[in-house]
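Letters are used for the chains, namely A, B, C, D and E, taken in the order the chains are written, and counting of residues starts over at 1 for each.
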Amino acid sequence: MTTLPSVLGTGLIAAGVGFLAVAAIGFWRLPDLLSRLHVLTKADTAGLSLVALGAACLTGTPASILPLGLCVLLTAISGATVGHLVARSVTPRGGRS
Amino acid sequence: MNETSLLVSLPLIAALVAAAWPRAATITGVIATLGNAGLAVVLAIRIGQGGAEAEALGGWAAPLGIGFAADGLAALMLVMTALVGLGVSVQVAGAPLPDAGRTGQRTAFWPLWLATLGAMNALFLSADLFNLYVTFEILGLAAVGLTALSGTRTALRAAFDYLSAGLAGSLLLLLGVALAYATAGRVDLAVVPELAGSHEGRVALGLIFAGLAVKAALFPLHFWMPAAHSSAAPEASALLSALVVKAAIYVALRLSIEGGAAVELLRLVLAVAGAGAMLWGAWHALRADRLKLLVAHSTVAQVGLIALAIGLTTGARDGTIWRAAALLMLSHALAKAAMFLAVGRITEELGHDRISGLNREELRPGAAEFAFAIAAISLIGLPPTAGFVGKWLLLDGLIDRGAWPWVALVLLGTVLSAAYLARVVSRCLRGGPHVAPGARRPAWRAGDAAALGLATAALALGLASALPLTLLDATLT
Amino acid sequence: MIAFDLALAAGILLCAVSALTRRDRTASVAAFMVLGLLVALSWVRLAAPDVALAEAAIGAGLTGALFLRAARRLGPLRPAAGRTLAVPAALVASGLGGGLAWVFASASPPAIYAPLVAASLPESGVSNPVTAVLLNFRAWDTLLEIAVLVVALLVANLLGSRRLVPVSLGEMTLPFARIVAPISILLAGHLLWQGSSAPGGAFQAGAVLAGGLLALVLAGLAPTGTLVVRGALIAGLSGLAVFLIAALGSEALTGSLLGYPNRAEKVWIVAIEAALTLSIAATLCLLFTGFEKRKTS
Amino acid sequence: MTSDLVYHVAGAGLLAIALWRLATCRDTLRRITALNVLAIGIAMVLLASGHDPATGVTNPVPQAFVLTGIVVLVAVTAALLALAERLEGSSDE
Amino acid sequence: MLDFLAFVALLATLAALPRLVVGPSAADRIIAAQLAGTGTVATLILLGAATGTSALHDVALVFAALAAVSGLAFVALRSPRR
């Protein structure tokens, strides 16, 4: 039924999926690697967080909140790490210039 | 504890020990191979007297669980593997493989061989299609390890082609098993007659046989095999050619007896491919310039002969032709292992394996040449060898059915095999004016004993062919 | 959901084509990695979460890294020799594919396994039917599957493939490794433990553990000395050893190979799975890092 | 049209693509990839066959087959890649 | 509704494919694979929410935990051989 958590959850998920879609489109449209990397780390993390938050609202059980939170945390860390490493590997002087 | 359980688990345990403690590898390997031979003989005697045995692993009956079917055919194969393994082990224990792999592992042979042995034993006993697939994968990987042992670039290339062809073959087999599941809902061996009864089931059997044909190097899917068998170390080639190829042929024979023979088209394709293999292999063996290549191509031809016999099996349980196929497998295994070991020794003495340079003035023919000759006699099928009994049974069965074209083909194959083997034997054993008065005799090595022993076994089995034939009577209840 | 399935199937086929036709090695490998992701989704849609877990653990961790390693070491793709066969081969292959699709879609398996599994599940000691099949009803298959891993390890050892020398990736990887490695250990333990009642099990747990270890190795935070490799080799071999000893031990107790004693099934299964998890993790890691190649001269 | 049919067709498509590349390509890495795609295709048709659309449950036995197949494939793939790399290395020498 | 959102998430995942195929640089392709990984995690979470299967959270978690391994492998193996 349309209770507050379910409406909220669906809304959050819709927003998150929208973010993901924007990230994908931006990834396709943006001209150079570094700006694409930027999109990846930002929109990606935001999108997935919103989706996970929405899913947690919908299910509402503590048992599902832990894995969802971990998912967000891990994806954010890996996205940031890989993004940083890739950026460093393609820019001369180790990315510190 | 049951012999079957020990037969499948002891080689694997020994492989682990040999891999973990390379220093103890040789002694572990020899003990395990000896123990395996003892177990196989005990099991064969019990089956010969008491009939076939079936076992449900873990107490879970087929189709849910996996069964072991220890019957006469399986026991014959187990003994065959044990005998060939003993011969090759004697050779390797006496003269460890050269360290051409540059990995500093002179003992790497043993865990690979023991894994091969365990996989072969598991395969012969298995009564479940999916389980057969898994055993094939162990076998394929271990065999590739054996091929790559010599470490040369040719051997590595051959090993890669072998592994990718082998994987493609097992995936075809797996696809067939998947379709068998999709059609019949189960994958134990007892499902085979049911498969032969429907279109989808026949396609499944076709896929399974196609996979087996790749693994058995049946013409025209043999492309990977001559390179693999001729570039590996002779000891490894002996195992590959005598045993590993037999695994796929064994499964084909088993499926044919179980009811795959009801599929006319499949049998015809198998027989025609077998005939093609006989001619193609013989042609290339006639033209080969290197000894190992000749022997490898002769394997293509011999596999063809056995496939022809399997293809002509009528499926009747009391038929003679499938017995002929089983005997031909046995005699080919013994003779071909002896032949590869002998080739290894001849190459070692001469320093090369060019056929044109076989008759050397300063070297007298030794035990290896003699073993090669006996093995050749068995492969050609001259009395009193096991090869003769197998071919006689085959021709007898074919004549009974009036299948004269096939009789002619088998005879043609025999003549061709005599022709290409004579290229070697005539050069090796030519004495008289070709040998200088002061010519030296090759020194005696463990490899000579192994080759002679295996060749003699092929000879003796012809004289005592009642033994394997009685054992085969205990096939399938 | 049919739209979802159709889009997924299209994506899978697209990835497969890209993985097999792109001339750029990285493109080919990356497409193959994404294929693994999408295939895991399709396993979920086919109600096979156990398989999806295994695919995720292997596809995301080991396979991608293995293929990237090979792409790096193999150098660029050489131009193909001849294209004459391509068209007939494509026709034959598409004919075969169409035939197979038709045969598979028209066959519907009679329900033989499902009732048997349902009837035997209470006696198996576990409540996850897939684990019951893998470690009880058809445990012999699983034992041989572990033997395949061991033989692969032997072959890799024999080949002495070039040992991986990780480059220093800088301090940015430290927080990553410090978080990911412990979480993957916890996750592996969780998957192992819940395998008896829910999707999970030894292989999934072992693969996740291997993935975490690989992250450490790649970040240059794991020791890779000769002694460590030797220890990992022994650990890799130990899983099959434990399984074989358990098989023979159960036969000594109950008279049937891999027939666990009554009412102790769960203990046996969990013990075997725990040993397998460690051994699978060690094996997968070694298959990636490789062994030292000794120099000839 | 059911989703099982979609996966049957997709699985068969994977089989066809993989067989085509296996037949026409000599490059080692490409062949290994093709073999992996072939295995995925087999797993897909197997699971789709084991899937019961009425109950939405997939038979655990084919699931176990596919799991075993995945492990076996990883092992063989690792060995193949090691061989291919060693082969490449030996041509340099 | 959730089904539809899962479908959109899948489309967002697939949208990474063109960049993966076109490149132009190897880094682009790897980042595209990374993006597809995140999309897959989101799709899995949504499928889990739609069907109420908690096992899918584990699958998503495994993907999330190991997402960086291939990226790390790419960077770590990128440096010159010797």
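Here is the rule we go by: a residue touches a chain if its C-beta (ideal position, glycine included) is under 8 Å from a C-beta of that chain, and two chains touch if they have at least 3 such contacts.
These numbers come from a predicted model, not from an experiment.
Student: Quick check: which two chains are joined by the most contacting C-beta pairs?
Tutor: Top-ranked chain pair by contact count is C-D.
Student: With chain centres set to the mean of the C-alpha atoms, which chain is at the far end from chain A?
Tutor: Using the mean of the C-alpha atoms as each chain's centre, the farthest one from chain A is B.
Student: Between chain B and chain E, what distance separates the C-alpha centroids? Give it in angstrom.
Tutor: Centres of chain B and chain E (C-alpha means) sit 47 Å apart.
Student: Let me have the rounded angstrom distance from the C-alpha centre of chain A over to the C-alpha centre of chain D, please.
Tutor: 31
Student: Between chain C and chain E, what is the separation of their C-alpha centroids in Å?
Tutor: 18
Student: Just the number, please: Cα centre separation of chain B and chain D in whole Å.
Tutor: 29
Student: Of all the residues in chain E, which ones touch at least 2 other chains?
Tutor: 11, 13, 16, 30, 32, 37, 58, 61, 65, 67-68, 72, 74-75, 78
Student: Can you list every residue of chain D that touches 2 or more other chains, as numbers and ranges?
Tutor: 15, 28, 32, 45, 49-50, 61-62, 68, 72, 75-76, 79, 83-84, 86
Student: Touching at least two other chains at once: which residues of chain C meet that condition?
Tutor: 1, 45, 62, 69, 73, 100, 104, 107-109, 111, 113, 117, 138, 141, 145, 148, 151-152, 155, 159-160, 169, 173, 176, 180, 183
Student: Which chain pairs here would you call touching?
Tutor: The set of touching chain pairs is A-C, A-E, B-C, B-D, C-D, C-E.
Student: In the complex formed with chain C, which residues of chain E make contact?
Tutor: Result: residues 3, 6-7, 10-11, 13-14, 16-17, 20-21, 23, 26, 29-30, 32-33, 36-37, 40, 43-44, 47, 53, 55-56, 58-59, 61-63, 65-70, 72-79, 81 of chain E touch chain C.
Student: Help me check something: in the complex, which residues belonging to chain D touch chain C?
Tutor: Going by the criterion above, the answer is residues 1-21, 23-30, 32-34, 36-37, 40, 43-45, 47-52, 56-64, 66-68, 70-72, 74-79, 81-86, 88-89.
Student: Along chain C, where are the residues that touch chain B in the complex?
Tutor: Result: residues 99-100, 103-104, 106-113, 116-117, 120, 136-141, 144-145, 147-148, 150-152, 154-155, 157-160, 233-234, 237, 240-241, 244, 247-248, 250-252, 254, 256-260, 293-296 of chain C touch chain B.
Student: Tell me, which parts of chain C touch chain E in their complex?
Tutor: Of all residues in chain C, those touching chain E are 1, 3-4, 7-8, 10-11, 14-15, 18, 22, 24, 26-27, 30-31, 33-34, 37-38, 40-41, 44-45, 49, 52-53, 56-57, 60-62, 64-65, 68-69, 72-73, 164, 166-167, 169, 173, 176, 180, 183-184, 187, 190-191, 198-200, 204, 208, 211-212, 214-215, 218-220.
Student: Touching residues of chain D toward chain B in the complex: what are they?
Tutor: Against chain B, chain D makes touches at 15, 22, 28, 31-32, 35, 38-39, 42, 45-46, 49-50, 61-62, 65, 68-69, 72, 75-76, 79-80, 83-84, 86-87, 90-91.
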